[in-house]
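Scrolling down, you'll hit the structures one after another.
Here chain A shows up in two complexes: once beside chain B, once beside chain C.
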Partner chain A sequence: MSQPFIHSSVVQPDTRPLLSIDNLKTYFHTEEGRVKAVDGVTLAVEEGKTLGIVGESGSGKSVTALSVTRLIPEEQGRIVGGHITWRGKNEEVDLGSIPIEEMPRYRGAEIAMIFQEPMTSLNPVFKCGWQIAEAITQHTSTGWDAARKRAIELLVEVGIDKPEKRMNQYPHELSGGMKQRVMIAMALACDPKLLICDEPTTALDVTIQQQILRLIARLQRERNMAVLFITHDLGVVAEITDFVAVMCPGETLRMLHGQVEGEDDGDNFDRGGHIVEFGSVTDIFTNPQHPYTKGLIACRPSLKTRSRRLPTINDFLRAESEGMTLDPTDPTLEIDYPGRATVSREDMPGFKETLIEVKGVRTWFPIQSGIWQRALDWDRAVDGVDLTIPRGMTIGLVGESGCGKTTLGRTILQLVRPREGQVLFEGRDLTTLSRTELRPLRRRLQIIFQDPYSSLNPRLTIEDAIVEPMALHGLYGDTKGRRERAVWLMERVGLKPDHLYRYPHEFSGGQRQRICIARTLASEPEFIVCDESVSALDVSIQAEVINLLLDLQDEMGLTYLFITHDLSVVKYVSDVVVVMSSSRVMADLYEGEEREKILREARGGHIVEMKHPDELYRNPEHPYTRKLLAAIPAGDPEQASRKKAAEA
Partner chain B sequence: MWQYIVRRLLLMIPTFFGITFVCFLVLRMANVDPVASQMEMGLQGGQVSQEAIEHLRRIYHLDKPWYEQYARLVVRLTRPVCIDYLEEGQFTSAWRPMSRLACGNQSRISLDLGTSWRDGRPIIEIIAEALPITVLLALLSLFIAYSIAIPLGIYSAVRQYSVGDQISTVVVFMLYSLPKFWIGTMLLIFFAGGHYLDWFPLQGWHSFEGFEEMSLGERIGDVAWHIVLPLVTLSYNAFAALSRYMRTGMLEVIRQDYIRTARAKGLSEKTVVFKHALRNSLIPIITMLGLLLPFMVSGSVVVEFIFGIRGMGGVALEAIRLPDYPLVITIVAFVSLLTMLGILISDILYGVVDPRISYGKGS
Partner chain C sequence: MSTSESMMTEKKAVAEPAAKTPQGEGPLAKPVKRSYWRMVGRQFWRRRISRVGLYVIALIFLMAFSADFLASDKPVLLHMDGKTWVFPNLTDPSDLRRYDNNTLIDVMGPDDWALMPLVSWWGVNNHDFTAILEAPSRRHLLGTDPSGRDVMTRVIHGTRVSLAVGILAVSIMVVVGVLLGSLAGFYGGKVDAVIMRIVEIFLCIPTMLLIVTVLAILAPSGWWMVVAMMVCIGLTGWTNIARLIRGEIFKVKALEYVQASRALGGSDVRIILRHVIPNSISPVLVSATFGIASAILLEGALSFLGFGIPPDMASWGGILTAARGNISAWWLAIFPGFAIFVTVTAYNLLGEGLRDAIDPRLKT
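Entry: the complex of A and B
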């Protein structure tokens, strides 16, 4: 199979690069057979340059990085072909073929890594300082005291305040952003020549993400270090890298190679994850060649997006295979797809009439202590919120972790009971109803969770999961009627009816989220809380699920409370954007007396600003909103450089 | 931390009463008249009159309503009194140094737990003799079980599916499924008594003759020689289970992100396993400690029976057969107390190994 989209000229620079990967093949052996995770990847990282690898999950980008340091467990996957040439402190060496016992000499000392999950990447039973010092003593003859001193210097370098104190803290005592800083300090311990960052900001809030990206960029500059930056987010790539390699899971391209989607019998195109496009970051964004790259750029809602539905990677692949060319940078690009709503929510009865009213709600959780476990203090998760939710509309709820947005969603559904205040649903105060009185209303108030993996019972078939809520509320008469409804729902969310007899583990993340949506719709709800429902999905799947949610809203007149930390997504889907925050989160915005005042006030999660999205993004009033908006990744390199210039 | 311990200790009080109450009820419902069963032989032979039996019932308060009986029991169990009537030398047990610690050399403290219905001995005396033996057996076999299970579990996990792992898996499952009484009997047949090998003594937990004359060192050696077989019988089961838990725990830890971080730092595989993985994988099997302690005490019933050792197990067996109400309830109370302490200790250890567990800061 030819590779028409690779700019091979860019791969071969004049000077010999620090790291060159040549036709790397890493295969995994699973019970279902061989999986070609990485299938013929060729790339080079030059000294002092940043190379980004972008792609969806399953494209092999992380496996490529782990292959370089040989961190893939041998029983799972092996490097079956190709070379990984490293020109580090010593002479040239092929990391792909040396015995695994020699790898510790390179890991940490010459090639360091940081990972996606700062929460789980530090050992919970050792103090942070010890973990950094250990990395130092491992590769140098430094004594323990000197190593500790050096560790403190490193903590200062990565921007951690009170480094002496942090040295003696355990990882669980630090916030996510701080843990990632500790990880970076640990990676820098022995002045590596290459830093591999494997999705280092994916699990973090936007403002923290921005801080970490800047930190990595600064360290890269100051130390003239090479960085291999792996992410699924093109917006992040635009901010930080010089060159970009776009990787793609092989099976995604089947359609392009003349195969119909869903038919997995053919071996016409059985190539695994590989690079489909390589170029400078400006080239990739302004002049993408491969339809996959185009799709990847287009499917991420940006602040400029104006279309009513998001384009997806599949749209681009389909268009390309039919000989059409679409412009991914066109913000009004509309592509028709099967299942698109033909009616509009505006025609639904009662559109824009008040459905839910939240009045002065406070949801506090007790912090118990002492011998008798009395509540001595309160965690003020939601602290005085007033909100009106009109029928058929989408209210976007944004804020950083700990601002109380999830608790607010759960309080509206009465999954947690507030301490104070009212939640009026069609004028009835839900907070005064008993559990039995609430039960018939539960049918109409539903929720879709973030993690499609843990929110489906692994021991129930999809049919059982979807039929259960109908049976619970006595809908659709008998078993036969319910089954018919389940078939209809599956087709509506874009799955096949015979999927009903399978179990959750047989589906991908995107498919599972569709199943969760079908299950939620089973009880014919009117109001749905989408609690980070698209946050765990790949960008292209995310676009498909957002499209589905919007189509369902048009067809059924659904009302959404859309909770997310992604400011681009929330702007795209919402009719009103609500920004939540708390004193603790906001205190960092101020200094001196102002800061003291805010901290004294100690108000929990509350609304700081609430506006139409266009108005909010154009004209944010509250300093906290301004800070959030400034942290959104630029989306393309042109904007990134403009942003940098504006700040400087 | 201290607040937590105090709270847990306070919680033990209601639990303790609950357990004794349930035990008392069960015994009552068994509907066996202890006096009658004790006197049965005599009654049949015409040597004991009905009046004598009624008299005995009055002495034991068996004629009183059940709530009064329980109230008397509770009072008896919870009334610590300083007594001086015990003669020097009469009391040869582990309680002596403890009472000395509590009350100084002059006076001795003891619990008046009443007397056994069987032979009229003070119950505290019976328990003082039996408890140290059982506790010694239980703690030692726990120690042995852990010290074999941990390295074996690590080995099996690090070399998963290797020949060594597969052999140890088979052996461990075989051991786990074999009953104690069978293993105990087989050990006696093959290693004691002289049919095959005469390495260990058949009965008792120390030599009957000449034990009094031995020096401390000799005594320890003598006891050690006697309890080898009982310890093996008591610990193989727990060791088999623990090594599986250790293996699973280690396998779980070894695929965590922070282990990958440790490898990415350039640490050798040995450091990764013994420094970074070990402490995390110990967490689940430390919780087992509290659960295994009562398991060991109940296991000692069988073991003590086979090896002719008079520990709590033997005493409990006899007491239930009679039934000797005060003794049974006291034993149950002691064992439950031991269990609760064991669970508390494992919970505290849990916090020591895992810094994420916090029992609240003492103010």
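Entry: the complex of A and C
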């Protein structure tokens, strides 16, 4: 596949871009053979502009950035072809071919990088101020005192209040957003001309994400820096970038040639991660050319999405291969696929009847200390929640980290026991039942977790994992019956039955999540807590899994408690949206007097607002909900600029 | 629950046709097994040095099992005076009692034949009074000790004691350590606090002194001596393993598959045995291999001090004791010392290889 990528608009080629990457190839050598992480990437970053690279995991976007800074571990991978031309301070070098020993001259000084995980990017044993000052002294001949002064200036610039105090604090004393600000201050220490941001907001809550994005945009403007912004989230790209490059591996494009997985492993799909489309941000969003880009835009539910099922990237690739053109911006786009539910949950017996009632539940965790583990204080994870869950419906539970949403889900399932309150399931109070009495009920109340990697026991085959719940509850007679059921379940969740004999590590994240769903369904539950079940997945896989969950709901009349931090997804899937928050989470949105007042209240996680999704998003009442909704990244650049204008 | 059951049947009825993929006759195609332990094995095998360790240990085991065929005062097969003895080295028949290999050869006629032990013609407690404290020679390949016993024979037979001490002591360690450690790790809180205090108490017991005291009080004989030593080493050495597995279980029990099993209503025993222990056992294996090495060293040290194995049983430490009183007899120190060194090194190589192979960064 030597076809060039699509320019969706004619970009005026700057004759002297700051960084130009020409046909870059970075390959990794693993036990399974060569992996073409980056395979022929050509792009240019101009001075003072922001270029976004979007792609799903495995598309090579991060490796492209790591190749520029030569941070790829040498024993595993290397740049095998292409040029990385850097036009820095009156010189022109090929970063791809200079000896690695010379790289420290460029890294940090001219090209700075910030990473996804602010929790682990700072060294926990040194004070923040020391770490920034060290970055300054390393690249310049500044003295220690001057460096400290400069560090304080930088902290002010990235919007940290009380900078002198923060200088003397250790990383663990700062919140996630603040750590990311410190990271940015460190990156700015030597006035870099290019800032590479590798998923800098992925690990942050949505309100913090918005603050960080604005900070990066402001710094970019003020310092006339170039920014290379890598993310999987198109919404973020719409907010911040000027140009967008969409990357994906050749393997993903199978459908484009009308082929399904495993049919042909010819050279066509051998190509590694490359750019399929490049253009200005408005063009990418309003007039995408490549079907992959279209799929990427369409498969992420936006606040406008109205269709009953989400389109997937494969739908767009298949449509293109059959000569059809689908409009990714159409919010009512419905595409049929095999396995789509033929019945509707409305026809199930008992639809909308009360299934679970939560009354005044408080779940506090003791903070223990000493040899005999006496409780000194309480962590009020869930602090007074009332909630009614009707059968066959999806209750969406949103909130930022620390608001107690996960604990509420686990309290309903009695995985943690509440301190007070009732959880009524068909009229029986689960909190008063003993473990033995609960066991038969456990079959009907299930949970699907977030991390598809840690939710399967690596020592058990898929079959063992799926059969286990059936054996525990004595379903389907004997081993033979259970195996047949396991085969049926595998097919229902869209996997091949002969995968039953494999071990979890042989599957991708999306496949593992399907296996987890199959395992959950094995015990024939009626109520399922989906605890961030789609959050860790790529957007296209996320759409497929959401579709699967919706189909299963229609077919089996399942009731979901859908816990997520993603405000767009929750609006799409839910019948009722519940917003949770705690005093500590809300306090971060205020300053001064008001902050103190909220902190004094010290209430743990509770529900601040509960409404039909359309109503909630149109007319949020609680100030916290309003702040939360305002922070959702815009679906497209037009909306982003409108939002900015409105705020200005 | 009748409503839910009727729902269930309905569900199946409507859901069945939705499955589009064809249900082939043999959907359960040939299993492709790539379990965790296979990968560990592959990773282990890739390193030559750990392979060497494994080979050496296999060799030592072979030596221990075939010690009577390698060194004995009776032949392996004997045909004499028209009679055939099979394995007289094992059975020790009464009509051959008065002979040993050397005297047998003298009385054998021209039609008689014998298959001699491969390495040494001397028994464990065969005193060659013509050669007291003799340096290595053709007659005694590794020399003799002050009572005229063949050092080669005793080194070969000594492997049995060393291996038995190592393996049984470590088995006791692992059983006690894994049991208490996993209880502490899984239940946490008060259970953990109590068990960890017990661990601290046991850590304070000096193993050497305990063994000496126990041996002095019980005064066991023969193999019972070995058993008593192993139990003492095992009962004091489990603390390390308990701590290791406790830490590992703290990590594993927070993982979502353990939570999932709990949500499914799995009992504690099932969760511990099926989900928790298999995923936290690997560092214990590594620790156990190193434990075998240190148990062997401890046995050597005790025997060297004269507290260990009785003098009529061959053990490496026992030979070393003799070297203490006879400084000039270098062969009494070098050969058993070398045997201990090789065995301990091999176990350490095995342990290191295992540790690297189960490294969490292991490619999956």
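Convention: the second predicted complex is superposed on the first by the 615 of 648 C-alpha atoms of A that agree within 3 Å, B and C clash if a C-alpha of one lies under 4 Å from a C-alpha of the other, contacts with A are read in each partner's own complex, and residues count from 1 in each chain.
Convention: a contact is a pair of C-beta atoms (placed from the backbone, for glycine too) under 8 Å apart; a residue touches a chain by one contact, two chains touch by 3 or more.
Not measured: the values here are computed from a predicted model.
After superposition onto chain A, the modelled positions of chain B and chain C overlap sterically.
Looking at the shared chain after the overlay, A:186 reaches chain B, while chain C stays out of its contact range. When the two complexes are overlaid, the chain among chain B and chain C that reaches more residues of chain A is C.
Shared-chain residue A:526: touches chain C; no touch with chain B. In the superposed model, A:501 makes contact with chain C only, not with chain B. In the superposition on chain A, A:139 contacts chain B only, with no contact to chain C. Within the superposed three-chain model, A:431 lies out of touch with both chain B and chain C [touch as defined at top].
Contact with chain C, but none with chain B, is seen for A:468 once the two complexes are overlaid on the shared chain. Looking at the shared chain after the overlay, A:122 reaches chain B, while chain C stays out of its contact range. In the superposed model, A:106 lies in contact with chain B only, and not with chain C. Using the contact criterion defined above for the overlaid structures, shared-chain residue A:73 touches chain B, although it does not reach chain C.
Counting contacts as defined above, chain A residues 371-373 meet chain B in one complex and chain C in the other.
Within the complex, the chain B residues that touch chain A are 3, 6-7, 10, 160-161, 255-258, 260-268, 276, 279-280, 353-356, 360-361, 363. Against chain A, the residues of chain C that register as touching in their complex are 3-4, 6-8, 10-11, 14-21, 23-24, 27-29, 31-36, 189-190, 193, 197, 255-257, 259-266, 270, 274-275, 278-279, 363-364. The touching residues of chain A, when paired with chain C in their complex, are 30-31, 338-343, 348-350, 371-373, 413, 415, 438-440, 442-447, 449-451, 454-460, 465, 468-469, 472-473, 483, 487-488, 491-492, 496-498, 500-503, 505-506, 516, 519-520, 523-524, 526, 551, 555-557. The touching residues of chain A, when paired with chain B in their complex, are 69, 71, 73, 75, 103-109, 112-113, 115, 117, 120-126, 134-135, 138-139, 170, 172, 183, 186, 189-190, 369-373.
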